[in-house]
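Each of the next two complexes has chain A plus one other chain: chain B in the first, chain C in the second.
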Partner chain A sequence: MKFAPFVFANLRRNPLRTLLTASAILLAVLLVCILLTMPAGLDGFFERVTNNTRISVHNKAGIVYQMPYSFTRKVRQLDGVAAAISQSWFGGAFEEEGRVSFPNFAVEAEHVGSVYPDYNVPQQQLEDFKRYRDGMIVGQATMKKYGWKIGDRVTLRSTVYPLNLDLRVVGEIPNSTPVAWINREYLDQALKSAGRGGLGVTGVIWARVSDPNRVNEIMRAIDEMSRNSESETATETEKSFFSSFFGSLQGFARIILLVTGLVALCIVFIAANTASMGVRERAPEIAVLKAIGFSRRVIFGTILAEAVLLSSVAGGLGVLVALGLTRMLHQASTWNQQLGPLASFMLTPAVLIQGLFLALFVGMLAGIAPSFGAARKPVVQALHEVF
Partner chain B sequence: MIHVEHISRSYQRGVEEVHALVNVSLEIASGHFVAFMGPSGSGKSTLLNIVAGIDRPTEGWVTVAGRHLNDLDEDETAQWRARHVGLIFQFFNLIPVLSARENVALPLLLTHLDRGERRRRAETALRVVGLSERADHSPKTLSGGEQQRVAIARAIVTDPDLIVADEPTGDLDARNAEEILALLRRLTDDFGKTIVMVTHDPRALRFVDDALHLDKGVLLEGAAAERAAEAIRIAAGGGLTTGAEGAP
Partner chain C sequence: MALPLSYPLRNIRARFARTLMSIGVVALVVVACTLLLGLISSLKRTVVSTGDPMTLVVLRKGSGNDGSSQVGLDAYRDVRFFDGIARNVKDLPLVSPELVVQPFAYTKEGGRENLLVRGVDAIALEVHSDVHITSGRMFNPSSGEAIVGKGAMGRYRGAQLGEELQIGHRKWRVVGLFESNGSSFESEVWADVRELAADAKRIFPYSALRLRAATPAAIEPLIQRINDDPRHALEAQRETEYYEKQAESANTLYLLVVGIAILAGTGACFGAANTMYAAVQARTAEIGTLRALGFSRGTILRSFQVEAVALAIVGFAVGALLTLGLEKVIALLLGTLAFGSASFTTNVISLRIGVRDLAFSFVLAIVIGFIGGLGPAWRAARMRPIEALRKA
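This part shows the complex of A and B:
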């Protein structure tokens, strides 16, 4: 501890350089901490929005391929399936925007409540959805985005089928989802009126299993049921479905983590270079310190302590800023539904400790080579080189 | 105090072997102020480094204050220097980010003294060199002479047995050089310090007890030493007397 003032004084030697190095370390640790929240954040997001008893059934060839609508009934009749619903992409674009700005599907109104009980759509609104063929239930995010309220009339132009549907908002899904459901029967009749032969297919079938312990068994049974048919199915849990759906996002997260690692490595090199420059500039002083009796251990320790102290303080600040930022996003997500998924990106104690260790590691790695170089040189050689 | 027995120091410079010192023997009594003099490359700095425990001879033995320096490894000599040797350099070599007091207290960091005692001793050393009122100044605000005084205070703060000075007046003007030489003389007279100094400065002859002359790594004796001393006196314009009796 008695060398601490000496170490602090050396850090004040070139304030601009110290500040710039500290800023680089701070930003690196901040970046790493934020990005380390991604895998856990994505997982948390999927956990939050999915249900462990809901499974999806889609065409084995891919989600864009359809399945016969009749398969929905077969799934519904399977032992252990509490409810099932057909879901077809309508691709409706809000007339004022001209593009699909929120996901909207045609579903069977009578099965919404039984497949999605966890969505907590009020019973009266579910009843209205069944009663009005042109009814539409809309997620809270989309309701807020457009300022819609129950009773409003909206026209959606399908980007899949050549028709427009006039719809009436009859319910609201009280969570942050942007999804909207329209009545499948309404779409079916509109297609028939347009001479398109009705909606005989479905994109995805969502089924709710009565017993969580039987999920795997029922998924296997559904796929077995479609084996050797024209539309073989692939069944998976809701979490797995969304994870696959956002699979590219997870790949992106992995790439970002890799880049983050490289950035951290670059910061190590920058910090090591700065420490080396500092040691080179102070070569005469270090030679004098050795001459007056500073041992190799003390020289090594004080120079390393400088690098570790700088890195730890900067890294600690980086962690604090990351903590502040994620908390701010979490707070923001409570009043801005668009930021909903960001609520899952929280700095856990594990990430916090990883950030601090990274800072310590950067300091150690950056300081060890110049400290060792300065310490190991014999005093007479050090004096000869500088005087 | 200092016993040097038949030491030689050689080192490789590329393919060439350089003999910096050849079979040098000398004795310096405790409380004496001695100068090593000679032309560049004569081996005086090498001899000073060996006496200070900074360098070690290729052959021969060195004993300082009863300690055989040949027996010590790098860390042990560092420890020994911290306790027994005060060093003064030509270019002062103060730490620019520390105040004068902190610079002086630097060697005390290697002791077990507490902070208050380190501060007290640093202030005492600064008082001895006449710089009490400049204790809080940073080196860059001090003149060359003042910086060298701080360096001297740093050299004496641990109360060492031996003070070694390498060209302590080499970077100073005439007035400051005289003041520094007088201060070193006073350290011998008032505090009984043994001082060994390398210098080219003929003025030093008025302040030292003895001047040892080296040439091409050999310690000159007898007539050769006399001729070297005479050459220095002539170079200085004559009239200088060798020995402490000439000191103010």
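This part shows the complex of A and C:
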């Protein structure tokens, strides 16, 4: 500890250089933290939203290919299926013409609770959803975005069907999902009264399997049931469904991570370079220190401490800035079709720790090489350079 | 008296390790910036460059994109004979009825994506003037054939000339490849509209109409006429406008990449400038000697500037070569890059480093060299020779 003033004095020796190095490290940590929120957001999404006993049944040809609605009942009646619900994309736009700002689907109100028990929608709200044909259950993220409260009335203009639906918010999904559910019955009747002959089809059937050990068996049974029909199905787990849904982003995420890696490398390089220059400049001084009897360990330690101190302060600041920035981004960002949960911008503690570790790592790496060299240099040789 | 040019250049050799470090740093900055810029320009090309100002997109009122729009046969028949639509040599109106479906397609790595398949007529190639078949031929109607865009070709299993592509409920034989100057059409597969409608079991045969106006002056009245037609509830807009709106939703992605580029660039510049700065500062004594020998401040400053810029140029050259190599490696490892579009389908972009991206990085490298070298050289040159010499 008594060497602390020495370390500080060394840091102050060339303030401009210290500042430049610190800014570089700060920016690197900031960048890495923000980028790491992307995969972290995806993982968080899976943890929050998916469930390993829930499976999706959809047309083998694609999500936009429909299945007959009656298939929902067949799935529901299958042995081992605890509950099943039909989900149809409504594509409702709120306020902005033709732009879907949060995903919304028509579902069967009476099956929401049994297929999504893990969403923890309060019982009373589920009852209201069944009772009011124009009811809508909305995810927390969307509730917050528009400042909706339970009881509010909103109109969604469908981008798929030529109709508007007047809806009333009756419930909230408390797990920060943006999704909203409307009553299938309501949409069906609206279509009929618009002279379009009811809904009749379903997009995706979500089923909850009662026994986690039988998931694979039941998935096979469902696909078997639709074999050779007009619309053969492909069944998969909820997690697999969402990971292929967001799968196309992976290449993109990889290149971004690659570039970040390069930048981090760049910064390690620079920090090492700067530290070694700083030490080389001080060679005479170090020789004097050694000549008057300071041990190698002290010299090694003070130089290393200098590098670590600089990088951890800069890194800590970087993490703080990242915290503020992601909070801002999180509030500003809305559900985004391109990025999905990648753009959730939630700084998890894990990401924070990774950022701090990066900074410390850079500091250590940049400090070790030059301090090692300085400590090992023979005194006589170093003194030669002084006199 | 001027310092000979060989002085700064020989210096590079004399302090090889440190020089190598400076070059390495500049090279890394160049690599990072060029890659990000390449990504940005590739994104922009795909998202923004799609669309022709003379072409109109006709959708059902209220639907945001042709993926969710529906247009009936009767509407097509009526719109087709509106005034102001261009006609081809056979005097047929240039109106292309199109159906968009988004079936699963499997990438070569086995991933599953929603592919945009556009059902079209033969007239589509005349309406979309920037789309041209580069090898093979146009599909024949009702014979299970399809043509594949350049982006989709590299990405999906079976999307090669002569192979079979599993889409929807059946296989389609690929008989042609097309390009469209990098626009988002290249991420699509085109097939016969009637065949596609039958396969997808669509009640409405079409999603949207694309049509070419005869003259620029005809565009506004045509849009008016289509929007006001009470029979079909349609909405017309310029194709450029339509893709601009689609691009809006890709803006977050775009902004994100730009933000990353700015952060990374700034961080790297700090570092590189720092390296340059340190490299010059370490030579204060030498500068003192030069001053004592009678070289003027300006001369010394210029000489150091030459050295720093020379270093930056070498760094840029190394970085540029690395980037071009990396571009190939990325293309090899990742194939094409993809991002979701508004209609839930996949937009395929290929990372291409353009001359502009390299030019920007070049300027950046020079600026880093210049600024990084200027400060310390200025300070050293201003120092009293006696003080500077004391350090020798």
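By our rule, the second predicted complex is superposed on the first by the 203 of 387 C-alpha atoms of A that agree within 3 Å, B and C clash if a C-alpha of one lies under 4 Å from a C-alpha of the other, contacts with A are read in each partner's own complex, and residues count from 1 in each chain.
Assume contacts are C-beta pairs under 8 Å (C-beta built on N, C-alpha and C of every residue); 3 or more make two chains touch, one makes a residue touch a chain.
On a predicted model such as this, the values are computed, not experimentally measured, just so you know.
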First (chain B), second (chain C), both or neither touched by A:Lys2: first
First, second, both or neither for A:Ile292, with chain B first and chain C second: first
Larger contact residue set on chain A - chain B or chain C: C
Which of chain B and chain C A:Val160 touches, first, second, both or neither: second
First, second, both or neither for A:Arg227, with chain B first and chain C second: neither
Touched partner set for A:Ile255, first chain B, second chain C, both or neither: second
Overlap of chain C and chain B interfaces on chain A (superposed complexes): none
Touching residues on chain A, where the partner in the complex is chain B: 2-3, 5-6, 9-10, 12-13, 284-285, 288-298, 378-380, 383, 387
Residues of chain B touching chain A in the complex: 49, 52, 54-55, 74-75, 77-83, 85-87, 89-91, 93, 95-98, 102, 106-107, 109-110, 115, 154, 166
Residues of chain A that touch chain C when the two form their complex: 14, 16-17, 20-21, 23-24, 27-28, 30-31, 34-35, 60-66, 91, 93, 97-100, 157-160, 162, 230, 244, 247-252, 254-256, 258-260, 262-263, 265-267, 269-271, 273-274, 277-278, 280-281, 333, 336-340, 343
Chain A contact footprint on chain C (complex, rising order): 18, 21-22, 24-25, 28-29, 31-32, 35-36, 39, 60-65, 67-68, 101-104, 111-114, 167-169, 200-201, 233, 245, 248-250, 252-253, 256-257, 260, 263-264, 266-268, 270-275, 277-279, 281-282, 330, 334-342, 344, 346, 351, 375
